[in-house]
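What follows are several structures.
There are two complexes below, and they share chain A, which is joined by chain B in the first and by chain C in the second.
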Partner chain A sequence: MWEILIKSFVLAGGLMTAAAYLVLLERKMAAWVQDRCGPNRVGIPLTNIRLFGLGQPIADGLKFILKEEFTPAHVDRRLFVAAPIIMLTSALSVFAVIPFGDVIPPLKLWGWGWDRPIPLAIAPHMDTALLFVFALNSIAVYGVILGGWASNNKYSLLGGLRSSAQLIAYELALSLGILGVVLASGSLNIRRIVEMQAETGVWFVLAQPIGFVVFVTAAFAEAARLPFDLPECEQELVGGYHTEYSGMKLLLFLIAEFLHMVTAAMLIVLLFLGGWHFWGITSWADSNSWLGAILRVVVFAVKTVGVILFFMLVRWSWPRFRFDQLMALAWKVMLPLGLLSVAVVAVVEQSKLSGLESWLGRVPAAWLMVIPAWVVAALAWWVVAVAGPSISDNTPRREPAGWDVQF
Partner chain B sequence: MNNALLPVLVFSLLALALAIGMWLAGVLIGPRLKTPVKQMPYESGMDPIHDARRRFDVRFHLVAVAFLVFDVELVFLYPWAVALRDASGLAQLPGGTGTYGWLVLADVLLFIGLLAAGLAYVWRKGLFRWR
Partner chain C sequence: MQENDPNIRWVDESPLSARERLYLPLFFEGLTTTLRHLGRSLAGKVVTVSYPDQEPKIDAPLIYRGVHRLNRDEQGRVKCVACFLCATACPAHCIDIVAAESPWPDREKYPESFTIDELRCIYCGMCEEACPVDAIELTSLYNLTGRSREEMIFDKEKLLSVYDQTKDKEPMRSQRQSTGSYAAEHNRK
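Right after this comes the complex of A and B.
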């Protein structure tokens, strides 16, 4: 029980700090892209030490607490307060099943310590981890739609509607992307999925390129990051579903959004980029030694930060989709691609199971089956990007004549 | 700890407590100044004309229905995905997954084909056309 409590508090505190400093990182990134300085004033209070603006998140947090806790007169009070709380709770609870590394090895110092390896996850033995992630992802939609509805404001309502339509449309693509991974690893447990990738050395990004593209696109949309930030496009809808929110309740929404991005980055790394495995590095030391444990955590952290930086770079370099383009991408491109990916992975896995693995051995079979996956991916890319109509085309999309049929 | 779900419950409760605690901190510390203008809905400085709860485009509803259909059908694929490699799953078939596995795979591909047919149907019905 103590183990659970300590891990929970450390993780919750760490995530809150991480979210605060990710805001700073994002602002620095924006400044770098736009060729300006970014926040660099706030350092240690009452001194002139500036520390590259590292005090900014703390100052922002304090300012949020000191802001007026304001609820407008025209809202549905209970739902208005419940929405940000639901949002943050669901965004934070996901991390219960997401591992942060392999294990901490046993340690004994002066009679104090632990004698078995401690898994670096709050619930490492949960076999339905990915279903839990899905469930909480769906609850986040409730936070958005309740916030938009309870605000009783036209901007909020439109933002909430758009947002819920976007989130549920891309949830299908997300499920299909993950389904391929589950199929190839035979488990919903995230640790097991990482172990499968480490055993063969074939990360699922290599084995399932279409699934990876579908999953990353869907993860961007689920995290409501640009180019998919339709829910709160500032130029059209003020703040989208949180137009009427201010003070602490707004902070809850903002933290939840950053946590969604962290979740998405971690899931991309764990499911497709091999988690804490890296060829040649993690094989130096066993995960039960201290060197091995630290290496795994470092590899995982570097990959995650890399993916987060990619998220931020995309945000500051891509324009936003229009809503019809967004829905067309979800239903007409990502969903068929996801179905194709699942079918390809199913055939590949079945041919491995019925003879290829026992004939070639597990690792060569895994590497060999990368080839057909990439051939199909190249064909799919050709159909979607070269032969098909451009998704970012700004003319209204027209179906071919005779496409609409009254069945 | 034997129960694999207990940590999830503990952490979720902690997350809930954190969210409520942060909100309460704002309630207790922040100032309260109400003015009539501040109480109005924000519409870029205009006086709002009527309530926000009016009719909206039926397409949002249609998309929700389409989502329900596809999502429920996708959920059916998850047990198969987990059971494929599992020793207590399909591998228990006589002759292992090798013999009967292709039959199961054909069934599943048929199912995915049906999903694709459903997608083509709603597509040609014009469900995904937003104006």
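Right after this comes the complex of A and C.
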């Protein structure tokens, strides 16, 4: 009981702080990529100490709290208030099942402590963890759609509609990307999935490259990050679904968005990049020492921050997709690739079970099967490269001369 | 609209090359560009100037359009001959001249008062171009501040004192060999 309460408080507080500092990091990255300094004036309040702008999140938070929280007269008031709450609640609840390390070993100090290892997740033994994550992620879509609908504003509504179409399309790709992981590890429990990767040392990014590409692409779309940020693209829709929001309600939306990014990064790390495992640093064996436990948390944190930095770099590296291109990519490229990935994983796993593992041993078999996975991935990529432009081409079709159609 | 209408000229996008179709090369190209800029910024090479802490470097102070000055001749008298060309050229109507008969034999008129409303001025430099005797010029002083509107209306004395302040760093047009800038060189030819 106490254990869960303490973990919840630590996680909720940590995530809120992390979201605030991620905003700062995002702004800093944006500035650096554009040869600017970024926010660097705000340090410790009431002093002249600047601390490279590390006080900026406090100033940002204060600004949001002190600003007028304006509710336009024409909105559906109940849904308008409910939307940001739904969004933040679902974004935060996801972290109940996401582990941020492995376990803390038992500790006894002067009669105080615990006598069994404590898993570093609020609900560590949940066997349907992945289903829970995706169920809650889908609820977050309600927040976006309700926000867009309740605002009674065409920009908001367009943002909400785009968002619903986009998230439904990419939910499929996301699930197919995960299906391969679930198939290979035989469990929906996230801890078990990480353990599978740690046991053999073959991260699922190596074993299932297509699944990884599909999942990462879909994760970008789910988090509405820049190549796919159509629900709220400032250039076209003012602010998208949160155009009419201000003050704390807007803050809730923004925090929820950053939390989605953190969720996506953590899931990428847990499902495909080995979680807390790193060859030579944290292995399967050192599970019951303090050093091992801390190293696992550090490895996991470093990987997560790395993925988040990648998310932020991507924002400035590539232009945004047009909406029809986004849909074409989801339905015509990502869906077939996801299905292919599942098929390949099924064949690989079956071949392991029917003799390869007993002949070579578990670990060499896993490493050996990386080769066919990458061969298939290269072939699939080539097919997409050849067929991709023609299937995603939406320019008006001209019929050859003599084909007379009256409109 | 008929699609085979002869009045419609269809323009095709050029087909994607193999490199573009594979997408990965472009993926890494985009990433390396951002990473290169990121590295450059982290090494301290940013374009931002932290203004109050750090003075901006003005690349061509001789053609910069900042605060005005009224030039003096060799005897320390105001060069202006009160011809009103600058006031006429001024699109913001910020120059106000009161002419009087010149006490000196070399010209007919001189400005009894010469005021510029620095708040109305749009710093276009037309007065400088219009002046036939190189009397009014724009300097490279950019941080012009004041506590009241009255303070920002510069009279003759103030404008002459701006000349005294800047004459060493920025010689008068007629006394310059070269402004060191392409634009000025080009204009001289």
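We take it that the second predicted complex is superposed on the first by the 384 of 407 C-alpha atoms of A that agree within 3 Å, B and C clash if a C-alpha of one lies under 4 Å from a C-alpha of the other, contacts with A are read in each partner's own complex, and residues count from 1 in each chain.
To be clear about the criterion, a contact is a pair of C-beta atoms (placed from the backbone, for glycine too) under 8 Å apart; a residue touches a chain by one contact, two chains touch by 3 or more.
A quick note: this is a predicted structure, and the numbers were derived from the prediction, not measured.
Q: When the two structures are overlaid on chain A, which partner does A:W381 contact: first (chain B), second (chain C), both, or neither?
A: A:W381: touches chain C, not chain B.
Q: May I ask you to decide whether A:V33 touches chain B, chain C, both, or neither, giving the answer as first, second, both or neither?
A: Touch status of A:V33: second partner only.
Q: Kindly classify A:W316 by the partners it touches after superposition: chain B alone (first), chain C alone (second), both, or neither?
A: second
Q: Classify the contacts of A:D115 with the two partner chains as first (chain B alone), second (chain C alone), both, or neither.
A: After superposition on chain A, A:D115 lies in contact with neither partner.
Q: If we overlay the two complexes on their shared chain A, which of chain B and chain C does A:H125 touch? Say first, second, both or neither.
A: first
Q: Does chain C touch more residues of chain A than chain B does, or is it the other way round?
A: Of the two chains, more chain A residues are contacted by B.
Q: For chain A, give the residues common to its interface with chain B and its interface with chain C.
A: 396, 399, 404-405, 407
Q: For a test of understanding, state which residues of chain B touch chain A in their complex under the given definition.
A: Residue list for chain B touching chain A: 1, 4-8, 10-12, 14-16, 18-20, 22-23, 25-27, 29-34, 38-44, 48, 51-53, 56, 60, 63-64, 66-67, 70-71, 74-75, 77-78, 81-86, 96-99, 101-102, 105, 108-109, 112, 115-116, 119, 121, 123-131.
Q: Within the complex, which stretch of chain A touches chain C?
A: Listed in rising order, the residues of chain A that touch chain C are 29, 31-37, 40, 313-314, 316-318, 381-382, 385-386, 388-389, 395-396, 398-399, 401, 404-407.
Q: In the complex, go through chain C and note every residue touching chain A.
A: 1-4, 10, 13, 15-16, 18, 21-24, 27, 30-31, 33-35, 37-38, 40-42, 45-48, 50
Q: Would you tell me which residues of chain A are touching chain B in their complex?
A: 1, 3-5, 7-9, 11-12, 16, 64-70, 72-74, 81, 84-85, 88-89, 92-93, 95-97, 122-123, 125-127, 131-132, 149, 151-157, 161, 164-165, 168-169, 171-172, 175-176, 179, 182-183, 185-188, 238, 243-244, 247-249, 251-252, 323-324, 327-328, 331-332, 335-336, 339, 342-343, 346-347, 349-350, 353-355, 396-397, 399, 403-405, 407
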